[in-house]
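Think of it as A, B, C and D in the order they're written, each chain with its own count starting at 1.
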Amino acid sequence: MGDIFGQNFRITTWGESHGGGVGVVIDGCPAGLPITEEEIQVELDRRKPGQSRITTQRKEGDVAVLLSGVFDGVTTGTAISIMVKNKDARSSAYDELKDLYRPSHADYTYEAKYGLRDWRGGGRASARETIGRVAAGAIAKKILTQHCGLETLAYVEQIHDIKAEVDRDQVTLEQVESNAVRCPDSAAAALMIERINKMRKAGDSVGGIIGAVVRNPPSGLGEPVFDKLTADLSKAVMSLPATRGIEFGLGFGSVYMTGSTHNDPFVLQDGEVRTRTNKSGGIQGGISNGEDIYFRVAFKPTATINFEQNTITRDGKAVQLKAKGRHDPCVLPRAVPIVEAMVNLVLVDHFLRNRLKNNQRLSP
Amino acid sequence: MGDIFGQNFRITTWGESHGGGVGVVIDGCPAGLPITEEEIQVELDRRKPGQSRITTQRKEGDVAVLLSGVFDGVTTGTAISIMVKNKDARSSAYDELKDLYRPSHADYTYEAKYGLRDWRGGGRASARETIGRVAAGAIAKKILTQHCGLETLAYVEQIHDIKAEVDRDQVTLEQVESNAVRCPDSAAAALMIERINKMRKAGDSVGGIIGAVVRNPPSGLGEPVFDKLTADLSKAVMSLPATRGIEFGLGFGSVYMTGSTHNDPFVLQDGEVRTRTNKSGGIQGGISNGEDIYFRVAFKPTATINFEQNTITRDGKAVQLKAKGRHDPCVLPRAVPIVEAMVNLVLVDHFLRNRLKNNQRLSP
Amino acid sequence: MGDIFGQNFRITTWGESHGGGVGVVIDGCPAGLPITEEEIQVELDRRKPGQSRITTQRKEGDVAVLLSGVFDGVTTGTAISIMVKNKDARSSAYDELKDLYRPSHADYTYEAKYGLRDWRGGGRASARETIGRVAAGAIAKKILTQHCGLETLAYVEQIHDIKAEVDRDQVTLEQVESNAVRCPDSAAAALMIERINKMRKAGDSVGGIIGAVVRNPPSGLGEPVFDKLTADLSKAVMSLPATRGIEFGLGFGSVYMTGSTHNDPFVLQDGEVRTRTNKSGGIQGGISNGEDIYFRVAFKPTATINFEQNTITRDGKAVQLKAKGRHDPCVLPRAVPIVEAMVNLVLVDHFLRNRLKNNQRLSP
Amino acid sequence: MGDIFGQNFRITTWGESHGGGVGVVIDGCPAGLPITEEEIQVELDRRKPGQSRITTQRKEGDVAVLLSGVFDGVTTGTAISIMVKNKDARSSAYDELKDLYRPSHADYTYEAKYGLRDWRGGGRASARETIGRVAAGAIAKKILTQHCGLETLAYVEQIHDIKAEVDRDQVTLEQVESNAVRCPDSAAAALMIERINKMRKAGDSVGGIIGAVVRNPPSGLGEPVFDKLTADLSKAVMSLPATRGIEFGLGFGSVYMTGSTHNDPFVLQDGEVRTRTNKSGGIQGGISNGEDIYFRVAFKPTATINFEQNTITRDGKAVQLKAKGRHDPCVLPRAVPIVEAMVNLVLVDHFLRNRLKNNQRLSP
C-alpha cells in the first residue's frame, strides 16, 4: 500500500532500483493537453545521476517512454503510462549488503515490515523510485503553466553550514541551473561545491535545505479541514527520501514574533485583494490567498558513506560495513527537480478540484 | 471536500463554530473495543477553552454524546458517531466582522474559494472544528494503548523565546498536566505563563513549539512510497490551525551534521534489533524502526489580537479593525491534546494496515 | 469500513435502528446551493414507515435536523451534517431475538464478521440506515434539478407476479405518488395492494421489481474503465437492503437479440447527436450518451415474516422462531425514494467530476 | 479518472488497443507470495483472442512481463507492475472509422466526454483493456487459493436462446475448458458453437449469460453499508464491456416467491452454522455467510457486426458503415476468465480487509 498519491490527478508509481524498470500511471489528467516524451525527458534529465562530479557518479540513461493516454500528441483523458527501463543492473555489487542492515537506510525497516526485502540498491526505497514522480510532475507542470499561469521554482538554500542569499522574488530557473549545486547564489554555490567535493573525498556526506516558491498561484487552492494546502504539500514533500522537516512562510522563525508583528494586513491593490506583507507564505487557513507560496525543506546527510560503520547482520551478528567505491555525498542538487515535481503534483490536484469548486458557486 | 481523513480508520468531521454542533463519524473502528462517553470526555476536557486564565476565556461545555456504533459498552464494528452541541452561540458578537477580512485569518481565503462564508466565529475555520478530531483520537488512543502498547505524549517546548528543558525519555503525562501551559519544565512554565499573561494584557499573542514523542511503537509502521509515516504524520499535524512547520528527529538541525555523525548504528540488544543512537527519530525510509518517534511542531502567534489593525472590507474599502474583549493569546496549551489526537489517528490507521500486513507475510 | 460512498460528493452515513439516531455527513457539496430542512424532509417523508397500511406499521417521526454546512439558507462548501433522532426505541421487543439468528437476515453474518452484534431491530443492517442516504439524496437532487436539468424517477413495476404497464417516457411523479404502492399503473396498483394485504394477513411477504428512468441526462457522465456509470449505479443500488439484481436497457432480455437488432443507430436530430432507438439504456461504453438512462432492480421478498421458522441459537441449538406482531410484507413502495436517492447520489458525483472534465478540454 | 479499483488490493490499469501496450500496477499485494510470469500467462492465455474459430480471429501474443514488486520469485510487498506490449498495430485498418460513430460502441460517448478520442480499435474502450485486470486477477487467485481456500469458477450458461444445464455444485474447470465456448454442458456447447458460427457467417453477433460460483468462501466478507459484497461484485462485473445485468442467488426469479419460501433456515451441521437452502446465494445483509456465492451476468450481443449500418459522422452527416473482415461474433467464451478475475479481485480485497477485522475482535 502507499503507491498511489492524489485525489483528482492520481499517480501510481512502481519500480525498484534494479528490477525491470520504474514508472508511473496518471489517472485523471484532462484530455486535450499537448505533451511529448521530450518534455518529460527534460525534467528527468534534471534529476538524472551523473550530471556532474558532485552528485552520484552512477550513469543512468533514464529514457522516458510514453505508453498510453496520449494520441496524436495530445492527452486523451485516459490513463497515462510512462516507463523508464532500468539499465545499470550490476546487482552483484550489492551481494555483500544482502545480509546486513546499512545504518540509517531502510534495510531493516523493510524487513521488519515485510519479512524480506529486495536488497539490490535499496529496492523500492531507492531514490530511483522518484523517477515516476518527476515524469508525472512534468505533465502537472505543463497544465499549471498553460492553464493556471503559476510557476514553481526550487533551489538549494543551504548545504551543511553554508547558507546562500536568495531573493525569492527574483530568482530564475536559469540562475538555479547555472551551477552544479543548483544554488542561485553563485558565491555560495562555489563554497558548497567545494564542501561537497571535500566530503566525497573524505567518504562522508552532507545534507542541507531546499527552498521553494510558487509564483502567481490562484487564490482558493486547499480544502478544509484535512486537505489544507499546507497539509498536502507537507505530505508530498515529506514522502521524499532523506527529508527531515518542512516549514511554511516564516516557519519556526514565526515563533519569535507576536501576532501584531506577524499578521499580514489586507490591502486593495490594482483592484485585487492582496496582503501588504506575506509572512503567511501565501496560505491562510490552509487555503492559498494569491500571494506567493514559499517553504523550506530540510534534508539530512545521505546515509550512504564511505566509512567503516558498525552494524549487525540479519542474524544479529555485529559486523563492520565498509561501503566501497562511488557514493552520493549530497542529494540536494538532484532533489531540486523532485521537490518541484511534488509541489506541482499537489497544485494540479487542487487546481482541478478547485476548478470544479469555482464552477460550483451556484447562482440562482 | 477535505473533511475525511485516514484509510483504514477513517474519520469524517463536521461542524462550525456557531452552527448546530460539531462532530465526527469514525469508519473502520474494529469491533469489541470497550469505550464510554466518559473516556472521550477526558480528552475533550483537555482541549476545552476556559481551563485557565492563560488560554481563551470563552467557556464551552463540550459534552460528547455517543450516537452510534457502540452497543452494551463496546464497539460493534459499524460507524461511530460522536456529537458535541454548540452552546455559546452569541453570533451577534461577530456582526461587525461580517463584511471585513481579519488579517491572517481564513476569512478572505474562504470567500476566495467559496464566494461566501459563515462569518460567525470563523465558521468551519474555527479551532472548534478540532473537537471531532480529539473525540476520534480518544478512541484511537484506547486501541493503541490496549492493543499496541505505545504511548503518545505531546508537551509545550517553547513559547515565544522561552525554551523549556524536557527529557523526552522521562517526561510523563502528569508533568505535562501539572501546569496551565502544559510544559513539563516547571521553571520554564512559570516564565511562559507570565509571558502569555503579559501578551493578553497587551492585546497581543504568541506562538511556540510543541514537542511530541511516541514511546514503544512497533516497527513496520508506514507504507512506501507516499504513505511514509513521516509523510502521514506531517499531513495530520500540518492540517491543524496555526501550524507553520514540522521536523522529525534532529530535523533542521541535522543539516549541520555529516553522514558519519548522523547515522544510527544498529546493535543487537536483549535479542532485539535496536539503534545505538536515535537521530532518525524512530523512522527510517518512512517506516518505524521500533525506536521512539519524536518530532517538533511550530505554531505561529495567534491571528486574533486586541490591536487596531488595517484591513479591507469585502468591497475593498480600507478600514480599521479592533478586536474587542476576550481573545486567546496563546493556543499551544490547548493544542497539546489536539496534536496527540492527530498522532494517534495516524498511528492507529497504520497499526491496522500493518496488522494486516504482518499477517500477510505469507508462509508456504 | 464501508460507510463512505462517492468520490467528489462523498457521503458518510451512521446510525442503527435503536441507537441515538441516524445521519449523514456530506463532503464535497458545492457552496451556494439554497437548501432547507423542509426540502430534505419531503424526501424523508416519502421513505417513512407508517405512510399506509401496506408498508410497515411502525410509526417513526424521522425529523431531519441540519447541523452544519448551511448558513443563511445556502450551503457554504463545508461538511453538511444531517441527523434524525431515533424515537421508537422499544428494544425490549427484540429481547427474544438476541440469541438466535433470524433466517435470511444479517444476524448471523454480522456475528461471523464482528464477533458480536447490536441485536435491536437489526442494528446497522436495519433499513433505517437508509435515512442518511435519502437525506443526502435530497441535496443531490436539488443540484441536479437546478444545474443539470435532469429528472430521476423510480416506480414499482412488479409485485410478486403482478406486472404493471408503465410508459417510461410519460410517467410522472404525481402518478407514482398517486397510490400507496407507488405504481403508476393504477389497475395493477390495485391488484398489488390487494396482494400485499393478503400477504400481511398470511404473515408472509413479497418482493418485486422497481423500474427507474433518468430523463434528460447530459452526455459524458461515467469514467473509464472501472467507474463506468453502469458500474457505479450498480454498486449504489445493489448496496440497498433486499436487492438481488439489476439490469440496464434491455438487460437480460438483450441476450435473445443479435447485434444487428440490438444496436442503436446514430442520427442527427435538431442539430444534436441522438440514437434512433435506445436499447442501450442511455449508456454506451459506460458513459451516458444523452438518451434516457433506464434500469430495473429486483428485490427479494422481505425476510421478516410472521411464520414459525426453524433456525438455531448462537450456541447452535435448533429452535423455532415466531416473529410476532407487525411486519413489513413488502418494502418496495418505501424503496422507491431510496432507489431515486442512490441514483441521484451517483449522478451528482459524476456530474461534478464531469463538470471538471468538460472544463478540462484544454484548448491552445 | 476511473482507472483505479479496490481499497486494500488496489489495481491501476492502463493502455489502449493500439498504443505502446497495456498493463496494471498492483498496490497492496502482501509480501511473501511466490508468483511467476508463467502463472500470470496461464490466465492471459485464457482470455487471448484467436484461441478458436468462434471468437475473434485477431492473433495477439499477449506476453506478460513482470517489471517490479517480485524479487527472487516472491512478492516484496511493494507495487507490482505487469505489462503486455501491443503488437497487432495495423491502425490503418481503422482509418475509415476515424470520423464516424460506430453504433452502440463508445466512439460517440468518449468524444462527448473528452472532445476527442483514440479511434484506433476503440482505444481505451477496447476489451484489450481487460488484460491488466486478468493479470492482476491471476495474483488475486493465487492468494485466495493458497490462503483462503476458495475457488471461483465462471462458465457460459446461455448463448442467444440456447440454455445449458449446469450443476453449479459439481462443475469443474476442466469441464469449462473442455470446449471452445467454455460451457460445461457439452450438448448445449455444441449447439452454441453452431449458432456462433452461423452468426459469424451472417456477419451478425450474439450475447448470452455467464454464470459464476465461489466455492468454500469464508464467512464475513463484505462491509456495511456501501461496500456490501453484492455491491462490490456488481460494480466489478458491471464495469466489464458489454455487460447489461447481474443477479445474485435467485435474482429476478426471487420476485415470484414469498418470504416463507425464499428464506434460508439456519442449521448446525458438523459444528458449523450453515443454511439448509442457499437461495440467498451465499450473501446475507451484504456479507458472506460461508455458503457458495453464485450469480449470473447478462452480456448484450457484440456491437461490432459485418452489416451495413446507418450512422453519422463527427460533422453530423448521415453515412453507411460497413465493418469489413474479421469480427468477434460472441465475446462470452473469452469473458469467462475476465469475470473470474474481477470476482477474485473483489474477494481478495475483502479477504485482506476482513483478515484485519478478524484480528480486530479485540479481547480484553
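Assume a contact is a pair of C-beta atoms (placed from the backbone, for glycine too) under 8 Å apart; a residue touches a chain by one contact, two chains touch by 3 or more.
Quantities reported herein were computed from a predicted structural model and do not represent experimental measurements.
Using CA-based centroids throughout, the chain positioned farthest away from chain C is A. Counting the residue numbers used at the interface between chain B and chain C, over half appear in both copies, so the two copies meet with largely the same residues.
In terms of their C-alpha centroids, the spacing between chain A and chain C amounts to 45 Å. Between the CA-based centres of chain B and chain C the separation comes to 39 Å, rounded to the whole angstrom. Inter-chain centre distance (chain A to chain B, centres taken as mean C-alpha positions): 26 Å. Residue positions of chain B with contacts to 2 or more other chains are 1-4, 8, 13, 31-32, 77-78, 110, 113-116, 124, 224, 353, 357, 361. Of all residues in chain B, only 1-4, 8, 10, 12-16, 19-23, 25, 27-28, 31-32, 65-69, 71, 74, 76-81, 83, 110, 113-118, 120, 123-124 touch chain C in the complex they form. Of all residues in chain A, only 1-5, 7, 13, 101, 103-106, 108-110, 112-116, 124-125, 129, 158, 160-161, 199, 203-209, 219-220, 222-228, 230-232, 234-239, 241, 243-252, 254-260, 262-268, 271, 273, 275-276, 279-280, 283-290, 298-305, 307, 309-312, 316-318, 353-354, 357, 361 touch chain B in the complex they form.
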